[in-house]
Amino acid sequence: MTNNKDKTLLDNSGVDKTGVDKTLGEVLRSQGVSRRSFLKFCAATASMMAMSPAMIPKIAHALESARRPSVIWLSFQECTGCTESLTRAHTATIESLIFDFISLDYHHTLQAAAGHAAEEAREAAMKENDGKYLLVVDGSIPMDNPGYSTIAGISNYDMLMETAKGAAAIIAVGTCATYGGIPHADPNPTGAVSVGDLIKDKPIINVPGCPPIPVVITGVLMHFLTFGTIPELDHIGRPKVFYGQSIHDRCYRRPFYDKGLFAETFDDEGAKKGWCLYKLGCKGPTTYNACATTKWNDGTSWPIEAGHPCLGCSEPDFWDGGGFYKSLSMPTENITQTAIYTVAGAAAAGVALGAMNKNKKSSAVAAHNKTTIDDLEK
Amino acid sequence: MSASLEKGINALKEQVDSTVASFFSSCVHCGICSEACLFYTETGCPTSTPIHKAEPLRRIWKSEYTLLGRVGKMFGLTAKVDEEMLTKWETRVYDNCTLCGRCSMVCPMGIDIALLIRKTREGMAAAGHAPEDLIGATKRAVTIGSPMGVKLPALLAQIKHVEKDTGLKIPLDVEGAEYMLLLSSMEIMNFPEFIGAIAKIFTKAGVSWTISSEAFEATNSGIQIGVADIAAELVQRIVDAAEKLKVKTVISPECGHAYMAIRWEGPNLVGKPFSFKVRHILEILDEFRKDGRLKITGKETQRLTYHDPCQISRRGGVIEQPRKLIDMFSDNFVEMPDHGKMNWCCGAGGGVSSNERADEVRLKVFQRKKDQLDEIKPDAIVSACSNCRIHLEDGLEEYNMDIPLLSLTETLAEHLAE
Amino acid sequence: MTEIEFLNWVRGPGFQIAVVIFIAGIIIRFAEILLLGRKTNLAEAKGSEMSGGLRTIVTRSFPDRGTFQRSTFTIVAGYIFHIGLFVTIFLFAPHILMFKDVIGFSWPSLPTPVVDAVAVVTIIALLAVLAHRMSNTVLKFLTNTEDLLVWLVTILPLITGYIAFHRIGMTAPSLLAIHILSVELLLVILPFTKLMHAFTFVLSRWYNGAISGYRGVES
Amino acid sequence: MSNSTSVQFNIQVGDDLTHNVKPLLNEIKHGLDNLIETGRTTIIDLRSLPLAPGEEEKILNTLGQGEVQAQLNALGLSEVTETQYAGVWIVTHYNDEQHIISRFIEVTTMPEILCSQTEDVMEAYSRLTLDLADNP
């Protein structure tokens, strides 16, 4: 299989009703995939889901009997970076299998159909798989004016609410869909909100990142497909297997932080020696993501390994943290100006209060009645 | 106008300056000052913690001179100074503090706690919360001229005795003399030998000196009770006499607080610098020593120690001189464990000895001095303050210790070469 | 408010508010103290105010032997937590970055495990100081609400800093935000409580030394 | 702007970085012990560990090459090699583009993936039967 992955997705974007009722095991066997290949697939899947290799037999068992789900993918105020990331997931063969397996019934960037046909496909999928389909959303939803972002004349809000109604679960992909992301950044001109802000009655899995790590997206998809349940989530809706530890805690440069060895600039000795990037604004300590282990670009590298501080893109409001190159312990705003005004103001206030004190003392001195020996007793 | 709370509060307000404000701003309630105060170490009573004694002044500073205190006052949150409080504090401020200033030496923040308590007394006295005995002494000082009621005829009588004993003339009211000697009532009444010693030394040294019949009293009850107006009046008498006799230097005798009163507080009380110098007798004697005017013969063989009177050493700056002078007549001198600026007070200064109410605690805290003496076991104690001397004798008797007290000046005079 | 919003607030507006109150408070307090002034000493001087004052600023950091023996715990524990506070505040790399951002220059840091250990020692020292305060007769007698508040406000940044560093119980952004908030609380409270001694000790020691120095006594 | 000059990077390599190399090798030793005592298999997913650049290579170099090297062709290439320590295997799965998609260290007498699977054997049997029937 050497065909373009995008094409693979496109090829499967049509509604293939024939496969809907088959289990994955049946689908694979009918395609002539050997058991050994299936085991390899399960091993790769376990690795992708960040699960222990001991789970491989369980995954194999679950996948064999898993049924093919319908997936509807909605894109709102977004940059398509999340989709780009997904389609560059490096487990190409496995990916193909997954996308062979799932029925991606609507994804307006990837699907072949356009216009009314596309919307009809969505409506049909919703109707046929009511209560069972998986809804994937990327992008935030503008609430100030519905006209800021529409698809086929339908506002993002209306489309989300309508589509969410019959979904079994929702996966919010990317920081925009999970926490508002860049559209939500101060001053948030469109009134952008996240999926979780609007929908409270459906299970939502947040897969933040700008973009999220491709295998994390597929890993979460696979978890849902394999076990039919949502993975264990942290307090802001992220799967713990991927977002359970901070970048800082898993960073291979952590020992340099502990030793107090920091790169001060991007081209000093410290930077060349691969020392800690904290002073260059690294948000690793407050960022929870799997970059340090999963890495990017087919596991080639990741930002910190490439010498750049973590931006903290999988955290809410990462855009408003006072600057990517400002370290975490620094105040986000410029304090110098404030300090100068304060000194001036306080000096004036201090002089006023000092004058009051002086005044008070002077009046006490003025009120002094000379004490003589006759004044010593009451 | 009689004493009142209002007057007292006003007096406290007058006392606050940048030193007071910085001192109170810096206190962290660490309690180290308590361990420097014999009224705490020997009684274990936490109300004797030095900084706590200045609480009335602190409250006034806080409520009148700080932003937060003023705001708090508006809402009734800042602690107030009232009659009840001052009544409680009267014994703390007068009976359990000798203004010895040892606390001021150990405070890690550098708070001059003794100064704060001295200032607190100004408010206490103005509010009518000074001890009865101190009021009596102060009245006598102003009306009679001496807190002990010693009048001129009594002095003249003692002078007569001394002249007879020594065969030396005691110069009285000599205009243009270089030195004018002040005397404490105690010296006049209990230790007239002091006058004789001075006469011997000064005659041998060949300097002119005199005693003023109008201002011979060195002590200043106004300082002890804490009434600057009265203290100023008493200082003014000395200034007037010194100016009238056109002397170059006024000598403060062997009395601690007298030196503080005339040397350090005096010009500030009367509001102008003196036209004459003020020196402690030990400073004068040391100058004589340096100039070779003192010829000494024979050495004391007994083991001597020196008790530093607080107002002369720690608060006065006369620390080296007595030691150099003692060296002239002693080969067997030993220092107490804490000495010089860190010496422990005898327990009777700052008006405590004039306050009968404090007699019991005064003798109780003498334990501190006893412990110091027990460590070095001297044969005799030399000192330079009559008040210390009387109380030390009192205390030694109370604790059944037999160590004689010597006046430095008198002992020195005994060793003058003929 | 999300935890990152919380963190951004304490790093942004919260920090500004705290610094404004801190700076203004200190200036006002100093103005209140210094503008009261003091009278010129009319007595003939026996020594120098200036050299006495400067001398005492330094020497009061070192107690005399007798005092050390009498107040050993207070002095040793005091030394430990003051040095500990200095190390944790000024020699921890992230803190130095903050200072660099605010005042424009920086200095070398200590390795983080060292600062971590010092923080633990400092926390223990402060706990011991509180226990001592609650059990010692004099300290128990002197202690008022302000003393306890100040103790709490001092130990909080240490504890929250320690927890934030080790990420105990909560996620990092919340822990960091709580730590910064506790520091801001300290900044806001400092000028109006006895914590002001961190600055006024220079004045009080100077005055003490000057008063003594004028009389020829080294205090 | 001046022309950018090439920067000489000197990334520090070694187990003093993340300290994960030694513990991992110890875990493998422990796995061998387990295999001997109980026959139980241990599988370690190398991608689940935060490793510094060069550390994976260091692990692989330490384990070295043994007697067996096998290649599978199942949904892309897979390599199964026994290390110089018998019973310690490296299993590497590649995708179509020859990128590593997962890598495991297996402590076992024979990695499961090398064994012919029952389902495949059954399928082989029926296919051979059919083939024989078609071409008698």
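Letters A, B, C and D mark the chains as written, and numbering starts fresh at 1 in each.
What we mean here is this: contacts are C-beta pairs under 8 Å (C-beta built on N, C-alpha and C of every residue); 3 or more make two chains touch, one makes a residue touch a chain.
Bear in mind that the values here come from a model prediction, so they are computed numbers and not experimental data.
Trainee: Of all chains present, which has the mean Cα position farthest from that of chain C?
Mentor: Here the answer is chain D, farthest from chain C.
Trainee: Taking each chain's centre as the mean of its C-alpha atoms, which one lies nearest the mean of all protein C-alpha atoms here?
Mentor: The most central chain, going by mean C-alpha position, is C.
Trainee: Using mean CA coordinates as chain centres, what's the gap between chain A and chain C in Å?
Mentor: Centre separation, chain A to chain C: 41 Å.
Trainee: Counting only Cα atoms for the centres, state how far chain B is from chain C in Å.
Mentor: 37
Trainee: So what's the Cα centroid distance for chain A and chain B, whole Å?
Mentor: The mean C-alpha positions of chain A and chain B differ by 78 Å.
Trainee: Taking each chain's centre as the mean of its CA atoms, how far is chain C from chain D in angstrom?
Mentor: Roughly 57 Å separates the two chain centres.
Trainee: Quick check on chain A: which residues sit in contact with 2+ other chains?
Mentor: 353, 357, 361 - these are the residues of chain A that touch more than one other chain.
Trainee: In chain C, what residues contact two or more other chains?
Mentor: 28, 32, 34-37
Trainee: If I count partner chains per residue in chain D, which residues reach a count of at least 2?
Mentor: None at all.
Trainee: Kindly provide every pair of chains that touch.
Mentor: Pairs satisfying the touch definition: A-B, A-C, A-D, B-C.
Trainee: Can you check the complex and tell me which residues of chain A touch chain D?
Mentor: Residues of chain A touching chain D: 1-2, 33-37, 39-41, 43-44, 46-48, 50, 52-54, 56, 90-94, 97, 250-255, 267, 272-274, 292-294, 298-299, 301, 305.
Trainee: Applying the document's contact rule, which stretches of chain D touch chain A when the two form their complex?
Mentor: Residues 7-12, 16-19, 43-45, 47-53, 55, 72, 74-76, 78, 91, 93, 95-97, 99-102, 104, 112-113, 116-120, 123 of chain D touch chain A in their complex.
Trainee: Along chain A, where are the residues that touch chain B in the complex?
Mentor: 353, 357, 360-361, 364-365, 367-378
Trainee: Spell out the residues on chain B that touch chain C in their complex, using ranges where they run on.
Mentor: 16-23, 25-32, 34-36, 40-41, 44, 46-47, 49, 51-52, 65-68, 104-112, 115, 263-268, 271-274, 277-278, 313-317, 319, 337-338, 341-342
Trainee: Note which residues of chain C are touching chain B in the complex, please.
Mentor: Touching chain B: residues 28-29, 32-39, 41-44, 46-47, 56-57, 60-61, 63-64, 66-67, 70-71, 74-75, 78, 136-144, 147, 192, 194, 196-197, 200-201, 203-209, 211-212, 215-219 of chain C.
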